[in-house]
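Per-chain residue numbering starts at 1, and chain names A, B, C and D are given in the order in which the chains are listed.
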Amino acid sequence: MNLHEYQARELLRRAGIPVPPGEVATTPAEAKAAAERIGTGKVVVKAQVHAGGRGKAGGVKLADTPEQAADVASKILALTIKGLRVEKVLIAPAAQIVSEAYIGVIVDRASQSPVMMVSPAGGIDIEEVAAKTPEKIFRMRVDARYGLLSHQAMELAFHLYTDVALVRQAADILQKLYRAFVDAGASLAEINPLVVTPKNEVVALDAKIVVDDNELERKPAIEALRDVSSENPSEVKARDANLTYIKLDGNVGCIVNGAGLAMATMDLVKYYGGEPANFLDIGGSSNPDKVVAALQIVTADPNVKAILFNIFGGITRCDDVANGIVAATKQFTVKVPIVIRLTGTNEQEAVRILEGVGMKAMTDMDLAVQKAVEVAKKGGAAA
Amino acid sequence: MNLHEYQARELLRRAGIPVPPGEVATTPAEAKAAAERIGTGKVVVKAQVHAGGRGKAGGVKLADTPEQAADVASKILALTIKGLRVEKVLIAPAAQIVSEAYIGVIVDRASQSPVMMVSPAGGIDIEEVAAKTPEKIFRMRVDARYGLLSHQAMELAFHLYTDVALVRQAADILQKLYRAFVDAGASLAEINPLVVTPKNEVVALDAKIVVDDNELERKPAIEALRDVSSENPSEVKARDANLTYIKLDGNVGCIVNGAGLAMATMDLVKYYGGEPANFLDIGGSSNPDKVVAALQIVTADPNVKAILFNIFGGITRCDDVANGIVAATKQFTVKVPIVIRLTGTNEQEAVRILEGVGMKAMTDMDLAVQKAVEVAKKGGAAA
Amino acid sequence: MSIFINNDTKLVVQGITGRDGSFHTKQMIAYGTKVVAGVTPGKGGQKFENTVPIFNTMAEAVAATGANTSVIYVPARFAVDAVFEAADAGVKLVVCISEGVPVLDMTRVMPFLKEKGVRLIGPNCPGLISPGQAKVGIIPGQICIPGPVGLVSRSGTLTYEVVYQLTRAKIGQTTCVGIGGDPIIGTNFIDCLQAFQDDPATKAIVMMGEIGGTDEQNAAAFVKAKVKKPVVGFIAGQTAPPGRRMGHAGAIISGSSGTAAEKIAAFEAAGIAVMKRPMDVVELVKARL
Amino acid sequence: MSIFINNDTKLVVQGITGRDGSFHTKQMIAYGTKVVAGVTPGKGGQKFENTVPIFNTMAEAVAATGANTSVIYVPARFAVDAVFEAADAGVKLVVCISEGVPVLDMTRVMPFLKEKGVRLIGPNCPGLISPGQAKVGIIPGQICIPGPVGLVSRSGTLTYEVVYQLTRAKIGQTTCVGIGGDPIIGTNFIDCLQAFQDDPATKAIVMMGEIGGTDEQNAAAFVKAKVKKPVVGFIAGQTAPPGRRMGHAGAIISGSSGTAAEKIAAFEAAGIAVMKRPMDVVELVKARL
């Protein structure tokens, strides 16, 4: 789960990291009032959306007066960046900046540990730094049993600054960032840029935190930060039904049990010349209601011209899936053809259930995918 | 540093451990008001002093009514237990108890780790359980890198209860006690008794926490719990002067640099038939002011009949000590004889300084101790 | 022969009385796995299906039965605790079926396992099966037959699909291991490749990867350097968009790394025969046996 | 010969520019110790007394100079960080003079040191000296002379007293180690006894204990089982009352354990000659050389 910049800033502030004041606004009037309260003159107005490249998309602008802040905010609140409508802006004082650095922490798969990263080349996308000047990124593996030790933080901070007063501030911020990362159950936490002000203070200007979804159950305070308005409605609906759904641009709707098989199914659709409309994993333990929800979500996509079920029964029972399909077709009309492949646990019962309502099931994945692609190409007319 | 029961209870409550309500009173009127507020009928009134065996000394009593609580409190507030005046009492509801257990955590020197201990034989001194029924104490070493793991807490809790509902409550309390122990910078934290109520709730009735003095610098909130009124005034004065002083019952006052040498000096006093009046370590880096404070503290003890300086100069400079002795004798009259042994760093200068005021210094520890014992036996008359 | 589990496997089931635990325990017993104990706190002293003794703690279960392996079917919030407990109790192999384990918990438990010398498979995995000997986890026994192919996979049902293809073509398996789709897992491709290389009964290896991370690339380098047996590979997620997690927590393309194309190229460079479709496994393996 | 430090010791001083650090560094250099580097964050690139290079971090200091030992003279609140840093930087012996280290910090750093294979002496100790070769810490060099006695002690000035007695009697020392008076210390009596047993130059051992804990009792058992050289012992604190900390954090009699009487009895049972007074060391050692 992505946090908004303003949420991440608040978590860092509570962890003791110096963060300039900032307020969230959802209307130009609120933006003006916020700029007046901040009262430092120039402010920056920043779109709060879960998308990189906000700046390039016109989502970050300066304003000299509260009136101008309202004006700028109204423009930004009208934007849609990478398919996501801007619903909120952050108003913060425009900082005077002596230098910009990057600091961040991720969970690194290879070393099975958190890894802290710092770069004196801050203010730009760290992926870009990694690609163009990898020698400017310094990494340190953190042993989760000990946390980020003081001397490790100092070593990293010496890569950013030479003045020991700045080094000590940065080392302190690194340790606090690591703790905030752990406390939030994050898989990524970064400050970019970390700036030095003319007063020689090290301050976090922008923050990004991505939380591990598996942490949310035990961290209700973090879960409460979820901003459903900023997510794709179909994906929200899928999550509520305990499904994993990701919308794509093709026309073959895929409903599969298991993430690997779901990806392999999408790949096979493509292999046979089709385009998958989505990733959809109904998960391990099937129940008919999940299948109904899955069909509702997939059929809500107007691009979908055919629906492909690919079920390998293990824990998932084929008869549960068949019952779900039957129940769904009774609840609402599915206007596109459905191709069903079922094999494994309770396969025979499933076939009987489907035949009872005049539907057929195939047992071979390859053939089923070919058929679905073919049907979709005909615009679904062959239903 | 010892915390009072009421302070320890508050720390445990903040850690999420169920602790019955309780209030501190310093007068019978306050005790009555507290009992009224608690309003559960019967209350227990408990002396808040840093001494074991409060119960046997009459420091813990039940009261049926607020009036009786006032009466009982007035008696307890008049007590002196093991040399310590009772200044405060805790008023708490008298709990109904189904069973009593002990849980605690200490830093274990041998395993260099925290060790959790539990015993179903609670409510009595754990040292007594250890002596009489050691098979009723269960220990578990905790790896500080991981903390008390859930399964370890469960394993310990199964030694206390068989009902899994109680086991889970106790395991949760054990993990919270461990965290409270770490957060307080404690060297010991115990709940005794941990009781089961008629409602099958596991609750901490009495708590003891001893904080590692070395943690106090970085834990000001814990340091603020220090209750100077409950300590020996001479020892408080010594601590303020950065000295370590412990009063004993003999008549040879000892002023030494280094804890090991100080103990060895006391032992040698005893070896030669004397009785040491105190332990006093002036510490590593001497300065004359510390020596003045040390002389003030030792001479304030009316039992002292002779004062023995035993200084082995290393970091401690003998001339500093000599200057301190001279300064002290100018500031106040020392009425008992002083025997001085100095050797090591700047010994010659020290001898000159002392001779300048007509004092003599010896270089041999053994002879100096014999002399001090002899002088003290003569009642200090040979000064 | 086989890897990790065999006829000597003595299994404890952690969470034996839960919904998933009891269902799959019956399946494992029916398959012939030696299930020697179960653990559910508070049910110590009872018996599962009147035969398998239940204990309150893993320490008791291992002490009483000499179990050497455990399998975990507990809710996500207890799963890491169960791994710690199993490792502490002295089993040498822990198979965690439970999904939803926070990745930061994994960063803490992995060093513990290393200190104790314990192998973890999973979490969030289907477990493993050595056909004809033992199954630990949830892989359907009826789709497997004994034979010469070792299979290792990051996914569940996709593994079944491929095993099913092999079995229908009468190509049996030494061991099929589902290593799980999380970012941090106890046993990775290289561990399994090494074990299959060392297992004399394994004549060919099938490796099923996914987008996300660099495990497949590292495995390819390992194959090139150390594996003398033929390897057939697959990568799922060629059509996955970057930045989106494809169900598995680990299946996510970050920036330009972890793509299917990158992984397939690494496989090909290491001489691994790459399947274009799951069904290709039969032809490719047959040609190499 | 000697234990732990010798002519090959290449020392880094952590906190070299502080009050204590600079004073004792001069003393150590004057004694002939090879002080190859100092560390003070922010002073990297400067030189101490125009000769010893100063670095910002231990990692840099060790990389640049090949130091194998460090000594720590930093304020209490930085001391454990300094131990972690030294161990991480790759020195094999860390001597922590600083006092006031919280004991819970010690419970965390000890496993780290074990993982890294690093020996810690201290904290809150006077360090050690191998007369004529090197001194690391604060033991006054002029009270020591080379010779056949190995000395290990929990205290500081009491050690000086005893060494001074030996030296006045012309009995020299291989190494004198002050292990420190804290409840948790990096190197204990047994470690030193083993090292002295293994050191051919050491002909007799003096062991200076205190009240508190069971280290002396364990050491006595070790002497009985493993030490073939004569051992002379002392226990300070016979007159100490129970429950009171006698200066050293570790010098406290808890309940009925850790008393001087108990320790002296353990010494005697192990055949250790027990001094009644510090001055007795001369007679007892002489009789055993």
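Just so we're on the same page, a residue touches a chain if its C-beta (ideal position, glycine included) is under 8 Å from a C-beta of that chain, and two chains touch if they have at least 3 such contacts.
This is a predicted model, so every value here is computed, not measured.
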{"item": "Any chain in contact with subunit A as well as subunit B", "value": "C, D"}
{"item": "Winner on C-beta contact pairs when B-C is weighed against B-D", "value": "B-D"}
{"item": "Length of the line joining the C-alpha centres of subunit B and subunit C, rounded to whole Å", "value": "55"}
{"item": "Separation of subunit C from subunit D, taking each centre as the mean of its C-alpha atoms, in whole Å", "value": "50"}
{"item": "Averaged-CA centre spacing for the pair subunit C and subunit A, given as whole angstrom", "value": "28"}
{"item": "Two or more partner chains touched - positions in subunit C", "value": "108"}
{"item": "Junction residues of subunit A, two or more chains touched", "value": "145-146"}
{"item": "Contact graph of the chains (line, ring, star, complete, other)", "value": "other"}
{"item": "Pairs of chains, among all present, that meet the touch criterion", "value": "A-B, A-C, A-D, B-C, B-D"}
{"item": "Subunit B-touching residues of subunit A, taken from the complex the two chains share", "value": "145-146"}
{"item": "Complex interface listing, subunit C residues touching subunit A", "value": "20, 76-77, 99-104, 106-108, 110-111, 126, 138-140, 143, 153-161, 164, 181, 183-184, 208, 210-211, 213-215, 218, 234, 236-241, 244-251, 255-256, 260, 276-279"}
{"item": "Sites on subunit D touched by subunit A in the complex", "value": "41-43, 56-59, 78, 81-82, 84-85, 88, 108, 112"}
{"item": "Residue ranges of subunit B in contact with subunit D within the complex", "value": "107, 109-110, 112-114, 127, 130-131, 143-145, 182, 185, 187, 212-215, 217-218, 244, 246, 248, 256-264, 266-271, 276, 279, 281, 284-285, 312-316, 343-345, 365-366"}
{"item": "Subunit D-touching residues of subunit A, taken from the complex the two chains share", "value": "146, 149-152, 154-155, 158, 163-165, 167-168"}
